[in-house]
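Heads up, the next two complexes both have subunit A, just with different partners, subunit B and then subunit C.
For the complex of A and B:
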């Protein structure tokens, strides 16, 4: 079980004191093994060209493209690599980044969700519902260059749009924590850009060097935890404003947070075997973990804690 | 260049909070009976919440002023419905740029649920005032 920090004080906050001694390292990330491990989480993906599309351009036996993707990254950031692979494989085919989309077992994958979240929802959550326990890796994703499903995915998925949606999420998270987006808006343009650049170039120090300022929240306890809960079967996403502390000013646990939204699945006191579990980054955390600690250390780079519900 | 509208919704009157109920209140009820099965919980969450929230559009920047700026919108709709509705009201073509912000603060993705944004928004307003 992760250590439970004193209220309002995070491991990131505690360790930043040691790095502040060196003024040249202001943008390097504070030591945080949990955040680092999460950052380094990756999923091997097998990208295959949609068979009908490939056959239509006379390329029926195109080899798959294998890529080990960062869980925290986005499909939009991989598109240029994926397209290049298939363009190199097929004659008379150029393709267009703006038209590329991905599906898993027929379900279009939202390009504005982190890859790890998509895998947890469409891979692990869906397969646990079907009683499958075998490995899904490499994750078999189908690539399309045509027939963009505009009714299911947001159109305009250039890398710039992905960056815009990413920054919007960070602002929404700031709004939840502080009731305004001042913390993000008061960052200089280059500081804001550092967040996205760090993520898109897979540079942990660059990203967390800036992100810890948002996560620490200047030592002020957040009003609400930026958290989203995903039930199976494409249920609407649950996003309730949840205070990180209870009536007695004690940090709430993940169980308390889940119980508030899903009391039938997460009773405060388990009387039998649990019927559900919550998954973050493919792992199932102990529900006694402090929710604010989880938020500060286990959120995705978009600053949200994305909890995927697994029914047992 | 066409004008880029940037309306944002403002705080609805507190009376709207009373209209917010149905699905949410039933799931948050005191656990009197045995807990519902996961299948029931999922089915309940899939059911469309027909309650409405009030959205107030405010034009900023070069956006045209609306004759009517307060509308009721179904809570379970996606934010996309709000965008499409406003585009229709403004007679905007597909290519006309339109940006929507919640409380002038952040621009949600079109697939976010209106009710979720509404709840976030209320909290912010309550704290701000």
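For the complex of A and C:
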């Protein structure tokens, strides 16, 4: 069987066209070309079944599964399609979605991180650390149906767990911006669901129609910017409250924010070639970019600005 | 206890307090606690309140193992009385490996509790994992069944969007841990602290700035918070710990 063509949308989209057509629940998103381009970012992925597992069920020659995944999506949302591919290819094999997990070069991939973030950390950040610059695409991810590494990955990567985790991130972001989670908790159940449904069905208007209200914060300047900074080598993630404005009431730049946490890597004034860069959605933004602007336009759907540090 | 402090500092770099409990049947007791000096200076460093300073070796993540290597020379006070006689020699052994040897059948959970400051919510958060004697971590369902007191289960399951207990990456260790969701902690603690006497309120609001009183406020806060949050998942703060804290 030849590799399947890239599909360019999350699998859930196929089943949710009816939901997105529901006129009562769709709010159209304001025009924002940046958010739209980020939303449409995708990564071609080659899923291969772990060799030992496949051999154990007599299916060692199973073809890979190729898929063009949304950067903002989650592996949990792809699992049912990945599993179906391998179940179709290997007779007498069922598999269980909740037991499926993924690794890249032996490192289990955290299903609760967006796919684009995982690629930037395990693909681009790691290969940059090894001095490699060649293309990593399609991203070669290994699929496992057994021996879930519960000591490394949060258990149960089923879709509803992923939704729970996503909503807890949304809540945390809301708390950072407002000092309470009232904005999210006061949303109606259907409004909350619209966020996740929009994401899982790859419906930009549905997601951003609702998320815009959270991101713009009713025009009130956020207390803190929801931001997480990822260093190489599995260092603890840096997550500190970051005010969007400096002492002079001016919007902080990304450089100021990175300098506060990582002064050695990001000096306020570069005296030589930069030793590090920050990557968002696979691109390296100018560090003079306003941080609140970056937050409002370049955050992942979980409302966090995920900055992956590349050491040069 | 300086060596323990140093170990704690090097492996748990955030302001972080570790409490390891072992729960034979439904009872719990604190084996040790370690307080990051940056967070709470001049406080108790290691207080084996009851029981011995060891836990099942297979059940410990690497950072805790290093802590335990430092702690295995802490003498137990020997007043642990299991009552069912299923744990022979548990008070006499100093070696966690011996303790888990195959000829002893044990029915208990080893629970690691970590108190980690949440930068987002600006409150302490209780992280914990519970392990069977063979080192296997238990599931969320088993946590509700074996750690959460029956009268709390319904309330915790229905708390917030997804229940009060979830799993996420430990902020320091970056591996999965269960935690009590902190988004209601601020309002809970405000309610409690307002009901306490005015002097502690004035300290809380920063009227007194000297290090000693801030330390005692922090300690009092942690103790109060732990006595509320902890009992939901099997941590009981011993009376003498609270008394000692108030006497300072």
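The rule is simple: the second predicted complex is superposed on the first by the 286 of 312 C-alpha atoms of A that agree within 3 Å, B and C clash if a C-alpha of one lies under 4 Å from a C-alpha of the other, contacts with A are read in each partner's own complex, and residues count from 1 in each chain.
What we mean here is this: a residue touches a chain if its C-beta (ideal position, glycine included) is under 8 Å from a C-beta of that chain, and two chains touch if they have at least 3 such contacts.
On a predicted model such as this, the values are computed, not experimentally measured, just so you know.
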Superposed partners subunit B and subunit C on subunit A - clash or fit: clash
Of subunit B and subunit C, the chain that contacts the larger number of subunit A residues: B
Touched partner set for A:171, first subunit B, second subunit C, both or neither: both
First (subunit B), second (subunit C), both or neither touched by A:140: neither
First (subunit B), second (subunit C), both or neither touched by A:213: neither
Partner chain(s) touched by A:110 [first = subunit B, second = subunit C, both, neither]: both
First, second, both or neither for A:263, with subunit B first and subunit C second: first
First, second, both or neither for A:223, with subunit B first and subunit C second: first
Subunit B versus subunit C as contact partner of A:150, first or second or both or neither: second
Which superposed partner A:236 touches (first subunit B, second subunit C, both, neither): both
Colliding region between subunit B and subunit C, picked from 7-15, 43-51, 61-69 or 97-105 after the shared-chain fit: 7-15
Interface residues of subunit A shared between complexes with subunit B and subunit C: 110, 112, 154, 164-165, 168, 171-172, 175-176, 181, 234-237, 239-241
Parts of subunit A lying in touch with subunit B, wherever the complex brings them together: 110, 112, 154, 164-165, 168-169, 171-172, 174-176, 179-181, 223-224, 231-241, 260-265, 267, 275-276, 311
Interfacial residue positions of subunit C with respect to subunit A in the complex: 13-14, 61, 119-122, 137, 139-140, 161-162, 166-169, 171-176, 181, 183
Subunit A residues within the subunit C interface of the complex: 110, 112, 150-155, 164-165, 167-168, 171-172, 175-176, 181, 185, 192, 226, 234-237, 239-241
Interfacial residue positions of subunit B with respect to subunit A in the complex: 27-28, 31, 35-38, 40-42, 45-46, 76, 102-103, 105-113, 116, 119-120, 122-124, 127-128
